[in-house]
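What follows is a single structure, written as C-alpha cells, with notes after it.
We just call them A, B, C and D in the order they show up, numbering each chain from 1.
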Amino acid sequence: MIPSLPSVDISSIIASIAAFWSQLPVTPLQAVLLVPAVAVVLLALIPGYRFGAFLNVLASGLTFFAGASLLFNPRYRTDILIVDDFNVYLVTLTTFVAFTTSIFSASYIGHELETGRLTPRFLRYYHALYQAMIGAMNVALVANNVGLLWVGLEVATLTTVMMVGIYRTPEAIEAAWKYFILGSVGIALAFFGTILVYLVAQEVLGEGLQAMAWDTMLKSAARFDPKLLSLAFVFLLVGYGTKVGLAPFHAWLPDAHAEGPTPISAVLSGLLLNVALYALLRFKMILAANAATINAGLVLIVLGLVSLIFAGFMLYRRRDIKRLFAYSSIEHMGIITFAFGMGGALANFAGLLHMTMHSLTKSAIFFAVGHIAQVKGTQRITEISGLSSSHPVLAVGLALGVIAIAGMPPFGLFTSEFMLVSSTFARQPLLAVALVFGLIVAFGALILRLQDVLFGEASGPPGKVKATYAPLFLHLALVLAAGLWLPEPVVRWFRAVAAQLG
Amino acid sequence: MNLAMIWELAAQALQMLLVLALAPLVLGVTRKIKARLLRRIGPPTWQPYIDIWKLLHKEAVLAHNASWLYRVTPYLLFATTWVAAALVPTYAINLMFSWSADLIAIVALLATGRFALALAGMDVGTAFGGIGSSREMMIASLAEPAMLLVVFSVALIAGTTQLSTMASIFINGSVGLRVSLGLALFAFVFVAIAENARIPVDNPATHLELTMVHEAMVLEYSGRHLAMIEAAAALKLTLYFSLLACLFVPFGMATGDKNIDSVLIGLMTYLAKILVLAVLLPIGETSVAKMRVFRYPIFLGSAFAAAALAVFLLFVSRSL
Amino acid sequence: MPAFVGLWCVAALLGIAAAGVILGRWSWSWAPIYFASLVVSLAGLAAAFWHLWAGLPPETLSLPVGLPGVGSKFRLDALAAFFLLVANLGGAMASLYALGYGRHETSQLRVLPFYPAYLAGMNLVVLSDDAVSFLIAWEFMSLSSWALVVSNHRAPENIRAGYVYLLMASIGTLTLVLAFGVLAGVTGDYSFAAMRAQHPDAVAAGLVFLLVLAGAGSKAGLVPLHIWLPLAHPAAPSHVSALMSGVMTKIAIYGFIRIVFDLLGGPAWWWSLIVLGIGGATAVLGVLYALMQQDLKRLLAYSTVENIGIVFIGLGLGLAFRASNMAVPAALAITAALLHVFNHMLFKSLLFFGAGAVVTATGERNMENLGGLIHRLPRTAVAFLIGCAAVSALPPLNGFVSEWLTFQAILIGPELPQWGLRFIIPAVGAMLALSAALAAACFVKAYGIAFLGRPRSPAAEAARETDVFSLAAMFILAALCFAAGILPGAAIDFIAPVVQGLAGARLPVQIGQAWTSIVPIASSRSSYNGLVILSFLLASGVITALVVHRFATRATRRSDIWDCGYPDATPAAQYSGSSFAMPIRRVFGTTMFHVRETIDMPRPGETRAGHFHVKVTDPAWRWFYGPAARAVLRASAALNWLQFLTIRRYLTLVFATLVLLLMVVAAWR
Amino acid sequence: MHNINFDVAHLLAGSILALSFVLLYQHRITSMLNVFALQAIALSLSVAWQAYIQEAPHLLVTAGIALAVKGIVIPTALHRIVRRLGIHRQIEEVIGAGPTMLTGLGLVALSILLVLPAGQTVSLLAREDLAFALAVILLGLLTMITRHNAVTQIIGFMSLENGLVLAATGAKGMPLVVEISVAFSVLIAFSVFGIFVFRIRERFDTVDIGALDQFRGERRDQT
C-alpha cells in the first residue's frame, strides 16, 4: 500500500504549451533571445524606475516562460544554435533565477534610491544592463557555434563589470576594475583557445561554420590533433576558469560580489559562474572524446580541490558578509568542478545537481543578505548580531539557506554531496578524504558566521523589511523539495547529460 | 510446605541468626586480643553486646536539619550488611536462597549500604560528615575494583560466581594450590582491611578528625541509630571473615544434605576459622602503623595490582 | 502495520512542529504542543511494543521519494522496534515532563517547533532502511537538537556549545557517508537490503567498521569524540537534555549496531579489540570527568559518556564472541548492552528531569550554590535519589542488572582463542569495576551536595517543589527503574528476538525460572534475583526497625549539630563539591586532567578573603581539538594575504598557472 | 614550401613578435605607445597579406580595423589621456629589463615547443603563425604583469590582442563571427577602459594601480 504521489500529467501540459506557441510568430528559442534584446532597448529609453523595474520583471518573466517551454519542445540544432539535454535545463534554470532575481531587485533598488546609493539615471543603465546580461547568457547557453558561445559569455561578463561598478564608491570601482582586467585577460585567453579549437577542427571538418559547431566537432573529435587540442583546452580552461572563479583565477570574484548591488551578486553567483562552467564542460566533452589528449578530468580535479580547500580556509577571516558568501561560491564551484573531473554516471549526476542546487541556494542567500544589509545598514559581520530576535523570518531564511549551502539535509545540496563523496570514496579514497576535509573546513566557517549573525543581542536599528521575501523562500522551497524528491524528467535529463559528459 | 522445605528454611534462618549473633563477639575478641597485645586488660569480650544494648535504649539525638534519609540509613545499612552476610555460606553450602545473589551481588549490596551511609554523612551538613563521606568513597572507589578483580579470579578458577558452587569446588580439592589464588588472597586481605576501616587504613578506635574516615561519617549518630551502625560494622567484619573462610579455607562445610552431625561439624569448623581470623587481625594491626590518607592509593593499588595479575594469569592460562 | 504507525507518528510529529511554528507566539502554546507530542509518542510506543510482543516479522515499505533510483525505504524489524520503543518511551516521558516544565520557557518559538521535529527525526532514523533516508533523518535530528541547544541564545557558552555540536555532528555524518560509500560500492545502490546482500572484503569491511565507529561514536559520545556532549546536553532545556542524553545517544548506538552487526556481516576479532579498548576508556574517563564537574547538568552529561562506554563494552564483547562463533555468550553480551541502553534511558531521563526541577526551583546549575533541597523539594528528592542509586549500579535497581550481565559476559572471556582479547578483557573488566565504584562516588557527590546539607545560597533557601506533571514523569521513570531491577527476566525475554537477530542465539527463557531469578547461562554458573534481594532487605530492615522501636526506645530529640565549640557555622563551612572530589582528583586527576590548583591565602593580619581555584581541563581539548582548531585558524591566517594582493599580482598568479599548465601540456605524452 | 607567401607572412609575424619584445623593455609610456602603434601597423600588414594569400577579402576588414583603431586611434587617445592625467613618465618596472627579457625568451621557446611538434594535420604556415601568436600573447601578458601603471597594462593587453588577431587570421577560413567578435572586443575593451580611466581619474587623479590597491574591500587593518 504505497501512498501514490500526486502524478502530474506531463503530456497534456506539453500539448497545451505547444499549442500556445504555435499561435505566436516566434519559437520559444527565438523568444529566449529576442525578449531580452527588445527589453534592453526599451529599458534604456524609459526614465521612470518603477515602470522600468516592472518592465524588467515582465521581460524576465516572459523569458522564463519561453525558456521553460523549451523543455517541452523538440530538441533543435543548426550550426549556430543548439538545444540539447545539456543546456535546456540550464536555460530554464538561468531564466528562472533571472526572473526571481528581477522580482527581488524590483523591491530592492527602491531602498537603494532612498539611501541615495543609486540615482534614477544609473537605474536605467542598471535595468538595461540586467536584460543585456540575461540575453547574453542565454546566447551563450543556446550557442552551438563556439565563437558565439564566447561572444555571449563575454558580453555577459562586460555587462556585469558595468553593474559591479555602478555604486561608484572607491571600493566598487576598484572591484570593477579588478574584475575587468582579470575578466578581459580571461576573454583573450578563451578566445585564443577558441581559435585553436577551430584550427584543429577545420583541418578535419574543412573550413566554415561546421568547423565551429560544437556537435559536429564532438562527432569527429577522435580525429583531431591531440596536441593542439590539449593546448586549446588549457587556454579555454584558464579563460573560462577565470569566470568560473576557480582558484587561483578567483581574485575578481569576492570583491565583485561584495561591492556590486546584491541582485547582481545573486546573478553572478547563481548564473554567470554556471554558464562559464557550462562552456568549459562543452570543451571537456570534446577532449574526453579524444583519447590522446591530456587528462582534462585530472586537471579539473586538481583545480576543484584547490579552489574548495583554499576557499574553505579563506572563509574564516572574512568580515564582509557578502564577501563571505562569495568565497563560499568559489568553494562550491570547486566542488562542482571536482565532480565533473571525477566523471562517471554518479559523479556527473552529482555535479549537475549541485550546479542547480547551488545557483538556487546561493541566490537565495544573497537575497537574504541583501535584506539584512539593508535593515542593519552594514555588511560587516561583526556589526550584525541577534538577527533571530530582531527579524525572525529573515533569520529563518538565512539559516535555512546557510544550512543548505553547508550541505546539510534535507536540502538538495546534501543529496549531491552525498552522491559525490560516497561514489568518490568508493573509487579514489584519498581524493574523497581531501574533499571531505575541504567540506568540513568550509562548514565550520559558515556555521560559525551564521551563529554570529543569528544569535546574541540584536544589533542595529529595528527597522522592518519592506522588500518581499517571496523569491527567497521560493528558492529555498525548491531546494528542499529537490532534497526530498527529484521529479522523474529531471532525473532523466541529468542521467542523459551525465552519460554525455562521460 | 513440606518438612524438607521447613528444614531448608530453618537452615537458612540459622545462618542469618548465626552471623547476627556472632558479629559482636568477633568484634569483642579482636578488641580483647588487641588490648592484650598492647599490655592492657581491655574490655570484656562481650562488651560489644553491652554497648549495642545500651545504645539501643538511649534516645536518638538528631540535628535540626536531619532529613528522613538520615534516619532511614542506619536500618538500610544494617539490612544490606545483614543480608549480604547471611548470603555468604558459613557452615553449609547450597542453602535455600544461596542462588539469589552471587559474589558480585554481595559486593554490590555492601556498596549500597556504603552509598546510603556516605549520603547520611553529608545530610546534616557538617565538615566532618563531608570529610568522612568523601574519603570513604575514595577508598571504596579503589577497594571495590580490587574486590571485583578478586571475585573474577576465584570465579574464573571455579567457573562460577556462585559462592556455594565455588566452595564445593574448592572443597573437593580439585583446584589445588595456585599462584592466582595466592595473589587473590593477598588482595582480598588488603581490601578487607580497607573496607572494615582497620589499621593501617583507618582506626576504629580514634576520633581524631584528621585521620578518621568511617567514624567521621557517623559522628552525628547516636542512640539506636548508632547501635545499628555499630552492629552493621561488626556484621561486615564477620562477613569478610566468613567470606575469606568460604573462599580460601572452605573445608569442613556441610556439603550434602544437612543432617545434624554435618551441620554441627560445619558450625564447629566455622567458629574455629572465625576465631582464628579474629586473633590474626589484631596481631596484624598492632604490628603496623596507621598511614596517611593519601598513602591509601598505594596500599589499595597494590591490592588492585595483585588481583589484576591473578586475573591476567587466569585469562592467559587456566592452570596457574 | 506498526511500521506504518511509526511513519504516521513521524508525519504527525512534523505536523505538530508546523503547529508549533504557528502557535508559538502565544504564551499558552506549550500545553497543546507537548500534549500532542505525548499522545503521538505513546502511539509510537504502543506500535513498537506490539511489534516486539507479537514477534511480528520484519515489514518494509518504500516511498518514491529520496534519492533517485533508490527511493526511500523503511523497515521495522525487532532491532528497530526495540530502539523505537526506547525512543518513544523517552519521548513520551519528556513530553509529559514538559507539560509542566515547558511553562518556564521564555521564548516558546525557539523550542516548540523543534521539539516535535527532534522526536520525528529520532523515530525516522530508526525506521529508515536506506543510506540517504538514514542520513537525512540522522542529520535532521542533529539540526533540530542544535536549534534546541541554542534556544537560549543570549548565553555565549550555549552558542559555542551549539557550534561545537553541529560541527562534530556533521563530521560524524560525513564519515558515515564515506562508510556508506564503501558499502554501496561503485554501482551505488544505497538501500540497506542491497548492502546486507553483498559482503565487502576484509579490508573494506574493516574500513567501514572504523568509519562507523567514528561516525556513530561521535554522536554517542565515545572518548575522544565526546567533547561536544558535555557542552550541548546541559545547554538545552532540561526535557531536551534528557532526550539528548537518554535517547539520542541510543539512536547513535542503534546506528552502530545496525551497520556493524546487521549490514556488515561477520566481524573480524580485532574490531572487538578496538571497541573494548575505547569503551573501557570511555567508561572510566567519562565518570572521572563527571566527578570533576560542579555544574549539575554537565555532571549528568559526563555520566552519560560513562554509560555509553559501558554499553560499548557490551557490544565489543558481543563482537568478540561473534567473531569466534560463540553464539550464546554473544547473546549474553548483547543482551547486557541492550538492557543497559534501556536502563540508561530510564535513569538518565529521570536524573535530567530532576536537574530541571532543581534549575527551575533555584535558577542554579552550579551545585556549590545548592544544598538542603531534600527539605524544599521532598518528592523530587526521592525520585532523584532513586535515579542516583540506579545509575550507581546498586542492587536491587536496574543499573546493577545490566552491569552484572556485562560482568558475566566478561567472565566467559578466557574461552576466546585470541590472545589480544584475553589480555584486554580482564583490563576492561577492571575498568568497568572502577567506573562503577567511581559512579557511586560521583552521585554521592551530586546528591549530597545538591540535596543534602544546608542551603548554600538564598536561591536554594527559597526553592519550591516542582509541578505535578514533572513529578509524574519522574515517578513513572523511578517505578520503571525498580521494575526493571527486580524483574529483569521479563525484560531479557522481551528483547530475546532482537538478540536472536544480532547474535544468532538467545539466552534461556527466564520467565520459567524459580522465584523469577535470572540465569544467563546455567544456574550452577551464576544467577541473580532482584526480587528476593529486595524482599530480604525490606523484611530485615523493617523488622529490625519495628523491633527496635517496640522493644528498645523510640525516643528522639532534635538538637544542634556538634560544632567543636564554634556555634552556628555558616553553610559555607560545609563540604563543597570540589572538596568532596578532591581526594579522587588527587588520586586520578592531577596528571590526566591537567588539574591546576591555585591557593591565594591572605598573610596573617590581612583581612581579605582567601581564594582557592581549581582548573580542570579535558585532555581531549588539550591534546586534540585545541591544536586542530588552532591549526585551521593559523592556516586561514597564513592564506589571508591572498585577499590583499594588487591586480598585477593576481595577474601574475593567472600567468604563472597558465605557464605551468602549458608546461604540463608540453611534457604530456 | 619555401615560397614568397610563406616568407612574407613569416617576416611580418616575426616582426610583430620582435615588436612585443621591444615593448617589453620600454621605460616610458610615450615610447611604449609608439612601439604599440608600430606593432598594430605590422599586424595590419600581416593580416592584409593573409587576406591576399588566403584569397579572403573579408580579412581586409580586420586589417583596416587593426590599422585604424589600434594603429592610430588608441595610441593618440592614450597619448592624450597620459598628457591630461600628467602621469609621471617614468615607469618603475617590477623586475629589471634583463630578467624580463630572459623570461620572454623562455616563453617564446615554450610556445614553439608547444606548437611545432603538433601532428602534421595542421599546415606548417598555420603552425608558424600560431607559434608567433602564442608567443605574442604570452609576452603581452608578461608586459602587463611587469608594470605598475594602468595605461601600460592597457598597452600590454592590446598587444596581447594583437597576438589574438594574428592567430585568428592565421586560421584559414575562420567565419566572420570571429572578426566581428575581435572588433567587438577591442571596441568594448577600449570604451570600458576609457570609462574606467576617466572614472579612476575623477576618483584618484592617478592611474597608478597602487592607488587602487588601498581601496581593497577588506583592508589588512580590518583583519
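What to note about this one:
Criterion: contacts are C-beta pairs under 8 Å (C-beta built on N, C-alpha and C of every residue); 3 or more make two chains touch, one makes a residue touch a chain.
Bear in mind the structure is a predicted one, so any value in this text is a computation, not a measurement.
Shared contacts of chain C and chain D, meaning chains that touch the two of them, come down to A. Our note on geometry: chain B versus chain D, Cα centroid distance of 99 Å, whole angstroms. Rounded to whole angstrom units, the spacing between the C-alpha centres of chain A and chain B is 78. With centres defined as mean CA coordinates, chain C is found 35 Å away from chain B. Per-chain CA centroids place chain A at a distance of 31 Å from chain D.
Of all residues in chain D, those that touch two or more other chains are 114, 141, 144, 153, 212-213, 216, 218, 223. For chain A, residues that reach two or more other chains under the stated contact definition are 177-178, 181, 185, 189, 227, 231, 254, 317. The residues of chain C that reach two or more other chains are 640, 643, 647, 651, 658, 662, 665, listed in rising order. Contacts between chains, counted with the stated touch criterion, involve the pairs A-C, A-D, B-C, C-D. Listing the residues of chain B that touch chain C in their complex gives 56-69, 75-76, 78-80, 82-83, 86, 97, 99-102, 104-105, 108-109, 111-112, 114-115, 118-119, 121-127, 129-131, 133-135, 137-138, 140-145, 148-149, 152, 155-156, 159-162, 165, 219-220, 223-224, 227-228, 293-294, 297, 304, 308, 311-312, 314-316, 318. Listing the residues of chain A that touch chain C in their complex gives 1-3, 5, 177-178, 181-182, 185, 189, 227, 230-231, 234-235, 237-238, 242, 248-249, 251-252, 254, 294, 299, 310, 313-317, 344, 346, 388-389, 392, 403, 406-410, 414-415, 417-419, 421-427, 432, 436, 439-441, 443-445, 447-448, 451, 454-457, 483-486, 491, 494. Chain C meets chain D in the complex at residues 640, 643-644, 646-648, 651-652, 655, 658-659, 662-663, 665-666. On the side of chain C, the complex with chain B involves touching residues 371-372, 374-375, 385, 389, 392-395, 400, 404, 407-408, 410-411, 413-414, 419, 422-423, 425-427, 429-430, 433-434, 436-438, 440-441, 444-445, 447-449, 452-454, 515, 517, 523-529, 532-533, 536-538, 540-542, 544-545, 548, 552-553, 555-563, 569, 571, 573-575, 579-584, 586-587. If you check the complex, the residues on chain D that touch chain A are 114-115, 117-119, 121-123, 126, 130, 133-134, 137, 141, 144, 153, 157, 160-161, 163-164, 167-168, 170-175, 177-178, 180-182, 184-185, 188-189, 192, 196, 199-200, 203-204, 212-213, 215-218, 222-223.
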